[in-house]
Amino acid sequence: MIAYIGRRFLWIIPVLFTVSVITFILMHSVPGGPWDREKQLPAATQDRLNAKYGLDQPIYIQYITWAGKFIQGDLGPSYRYTDRSVNDIVASGIWTTVQLGVMAFLLSVIVGIPLGIFAALGHNKLPDYIATSLSIVGIATPSFVLSIMLIVFFAVQLRWFPTGNWKGPNTWVLPTVALAGFPIAVIARYTRASMLEVTRKDYIRTAHSKGLKDQSVVTRHMIRNALIPVVTILGPTLAFLVTGSFIIERIFGIPGVGQFYITAISTRDYSLLMAMTMLYAFAVAFLNVVVDVLYAYIDPRIRYS
Amino acid sequence: MATNTTVVGTRIAKPKAAAGPWREAAGRLFRNKLAVVGLVIVALFLFCGIFGPLIAPWPYQVQDLKAVFANGDRPLPPFSPNHFLGTDQLGRDLLSRLLDGARISVTVAFVVQAVILFIGVPVGAIAGWFGGRTDNFLMRLTDVIYAFPDLLFIILLSVAFRETAFGQALDGLFLVFVAIGLVGWVTVARLTRGQLLSLKETEFVEAAKAIGVSDRKIVTRHLLPNGMGPIIVAITLGIPTAILAEATLAYIGVGVQPPRASWGSLIADGQTFIRSEPHLVLFPAIFIALALIGFTFLGDGLRDALDPKLKGKQ
Amino acid sequence: MVGADEGIPATDAPSIIELSADDVLRARTEAVANAGVGRKAAHLLEVSGLSTHFFTPDGVVQAVDDVSFDVGYGETLGLVGESGCGKSVSALSIARLVPDPPGKIIAGSILFDGIDVLKLSSEDMRKLRGKEIGFIFQDPLTSLNPTLTIGYQIGESIREHMGLSPKAARERITELLAKVGIPRPKDRLNDYPFQFSGGMRQRVMIAIALSCDPKLILADEPTTALDVTIQAQILELIQRLSSEFGTAVLLITHDLGIAAGMCDRVNVMYAGRIVETGSVDTLFEKPRMPYAWGLLDSLPRIDDVRGDRLRTIEGLPPILISPPNACRFAPRCDFARDVCWANEPALTHRDEPGHLARCWATETGGWIE
């Protein structure tokens, strides 16, 4: 088991390597450079800057230099925000982004799974219709539309929460709900389908044949088995939360790291862009591994093999 | 077993069992109410996408400035004369722009899925058929792409190539197709591989091998047609994802170029007037929601119809 | 772990902890009071006129139609027939486990130890299940919950019905495992089903079925999913333990050979109906229904000529959606005459006492001697 976990975590390294190579090549093959501003800099100045930052070197040398520093934890200088290092920029926003992601994830699991179970237990009855309608609305509403609606109703009309920013619990509510809306719907739908599937299993019939109370059949036999397939979609869900968070940050004006991504691309801020990509890729890969381990924990067949 | 009895009974009860698996699947699909709702929505959506410009009351980029001026420089509300769903700030007819948006979404939906199909199925088929090292390499590759933060990668591609001829092609749509397709094919590749692996063990494939049918023919004649069901379902359920991705890109301003009107960019434009003119956001949001719901229902229905055993699984 | 640990005798395992007599009494009085029927039944189980139908989109499937039989205390009764003939649904009906929807018991009565189980509240029925009626299902691979340890799964009904302390329950589970022939039972309590071979899992199922000392075990094709060598061991185990515990067994099988070896009496079912019933000896010596001949004939015999095709019954069982008033076996019967197509024969007595058959041809005055 420990060897399994270790192997899964080691797998992150080649993933990050490949992601970095692809992004690096892509980024440098794009026309333009970090010194393209509204006012064209003189060619001599550009050359001098290129030499200073090593941008005149062949691309594989640049990559090696970057990778060497990256391993030591140095993300390099920002070409855009010349007074700050990329490390500073990342450090300033990362915890806000992580906090938003974690809260949204917890919300989607805490609401989504019970909603799905609730729907399945009342199959083809009122609870099912209510929960299913809710999840259809969730799936059909892009996070940016949900954000706009939440802001209009709860911030502008009712004035319960502020329209944006990230200062204290009451500013956290709307962005978290906006980000979690879609995953809640997906998880609920999946849990419901999985529960209904498990209902038809032979071992559920066995459980009934033992004369167990319906409640114990549900809690002991159905939910755990139904959650096994649900865990597999937690990976993509987490990835959605990670990559989806920057849109929410943009709409609610949250000072996370997401806001820098598009700026970094459009201003060709190479080191900031690399740092952001690596950060998100790491988050996605890491969370996928965590999900795998969780999966093994729930399903003894994997744990023991 | 209890269910056995039912199955035996119904199977024999229907002498039309010889009608073929596809017709039977169609029968199941049409008996499923939600799937029919999905099918109707999808049909409407396709109709709007294909014939939109013909039925649109105005060209999508024409500005009815006089009407806006007469309204005190404000967007026209819905049910105005000449503008059924109102106009935007520049006097462009909202209904016509929504129909153009439908055309963009339809194109994205189908071209992206075609890209995914053309990369995903061959890669999955090669991995599943040859196995061994080829399989290992291709599957590790899909692992890496799976770990790519997809939306960010799409944005990177879109922003990076926006200024190039490639990025300008089809008003910027071409780039969006390629970007979304490049990160989306992994699921289909894995699915195809899984299907091939399980079908490879079946008797009819063994039999085909035994009588010396070539590898290529076994894959194209026996394996792909038999493994098609789940792939069709994955493709259908992938369409809402593609529509959503395009709308999101357009919303943050990196997708289609103005004056083309994606539903996402309509919402981005409209949110400035959200309090006074909520219809500018509401109608595009409803259109997106309907398209997503339609394809999701249809995909669910197809899954249940093509493989009754899978009923309920995602 | 497959293979090697099969078939280890458990003769010297300690005896099972006794059921608390109070518990049994309480449950029974409660149930009897609720059902409003007195005890002192002639048979442990009396099924009469049972009809279980499935309401499907294609029509009503009459999976079990007007079926009557009884099982004496400690007796082993066989229920034999092709798959889909309604044997399993009959068994599920007894424990009221037919999936509803689409299935529904629409007529008949089931007296279990004098209690009409169809009149019990679902809560009282639940108390009967697992405690007085144990179940062994066909496929041990899918009938055990893959995510719970077998110790837990055996202990469930004990904890639910017997109110033992955790320690006593644990002891009982270990003893049960030893009884059903699982070596090193103490070490295996915390193992999961996937760590057992198919035969071992079926032993676990038997331990579950026996865990509360039931009066009746419904064994639904208990060996169909197993290898032939293991089949014999499992059957032997069921036979030995049922006689040791004095448990009656309703053995459902499609294999007449198994029924012959295990049962006192046999019911042959066809298309939702009982078509012949009698003692094993009568049925094997003098079957009075062409379908039963067919079943007997399809058993491979030692004197079969090598290379000969196995004998089969041609055709398929009929549609169970609104069947016509005719002998249900007529379409596949070599001896069918007009009367078979015009009227369904009743289950009538034959020469031996307790031997009944549903066939025009073998009735008195029929065209087959």
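Going in written order, the chains are labelled A, B and C, and every chain counts its residues from 1.
One rule holds in what follows: contacts are C-beta pairs under 8 Å (C-beta built on N, C-alpha and C of every residue); 3 or more make two chains touch, one makes a residue touch a chain.
These figures come from a predicted structure and were not determined experimentally.
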item: Where chain B and chain C overlap in contact partners, by chain label; value: A
item: Most contacted chain pair (by C-beta pair count); value: A-B
item: Between chain C and chain A, distance of the C-alpha-averaged centres to the nearest whole Å; value: 53
item: Rounded Å distance between chain A and chain B, as computed from the means of their C-alpha atoms; value: 22
item: Shared interface positions of chain C, touching two or more other chains; value: 99
item: In the complex, chain C residues that touch chain A; value: 95, 97, 99, 126-131, 133-135, 137, 139, 142-148, 156-157, 160-161, 192, 194-195, 205, 208
item: Interfacial residue positions of chain A with respect to chain B in the complex; value: 11, 14-15, 18-19, 23, 26-27, 30-32, 136-137, 139-145, 148, 152, 156, 189-190, 193-194, 196-197, 229, 233, 239, 242-244, 246-247, 250, 261-262, 265-266, 273, 276-277, 280-281, 283-285, 288
item: Chain A residues touching chain C - in the complex, by the definition given at the top; value: 200-203, 205-213, 216, 220-221, 224-225, 228, 298-301, 304
item: Residue ranges of chain B in contact with chain A within the complex; value: 140, 143-144, 146-152, 155-157, 159-161, 163-164, 240, 244, 247-248, 251-252, 254, 264, 267, 271, 274-275, 278, 281, 285, 288-290, 292-293, 296, 311-314
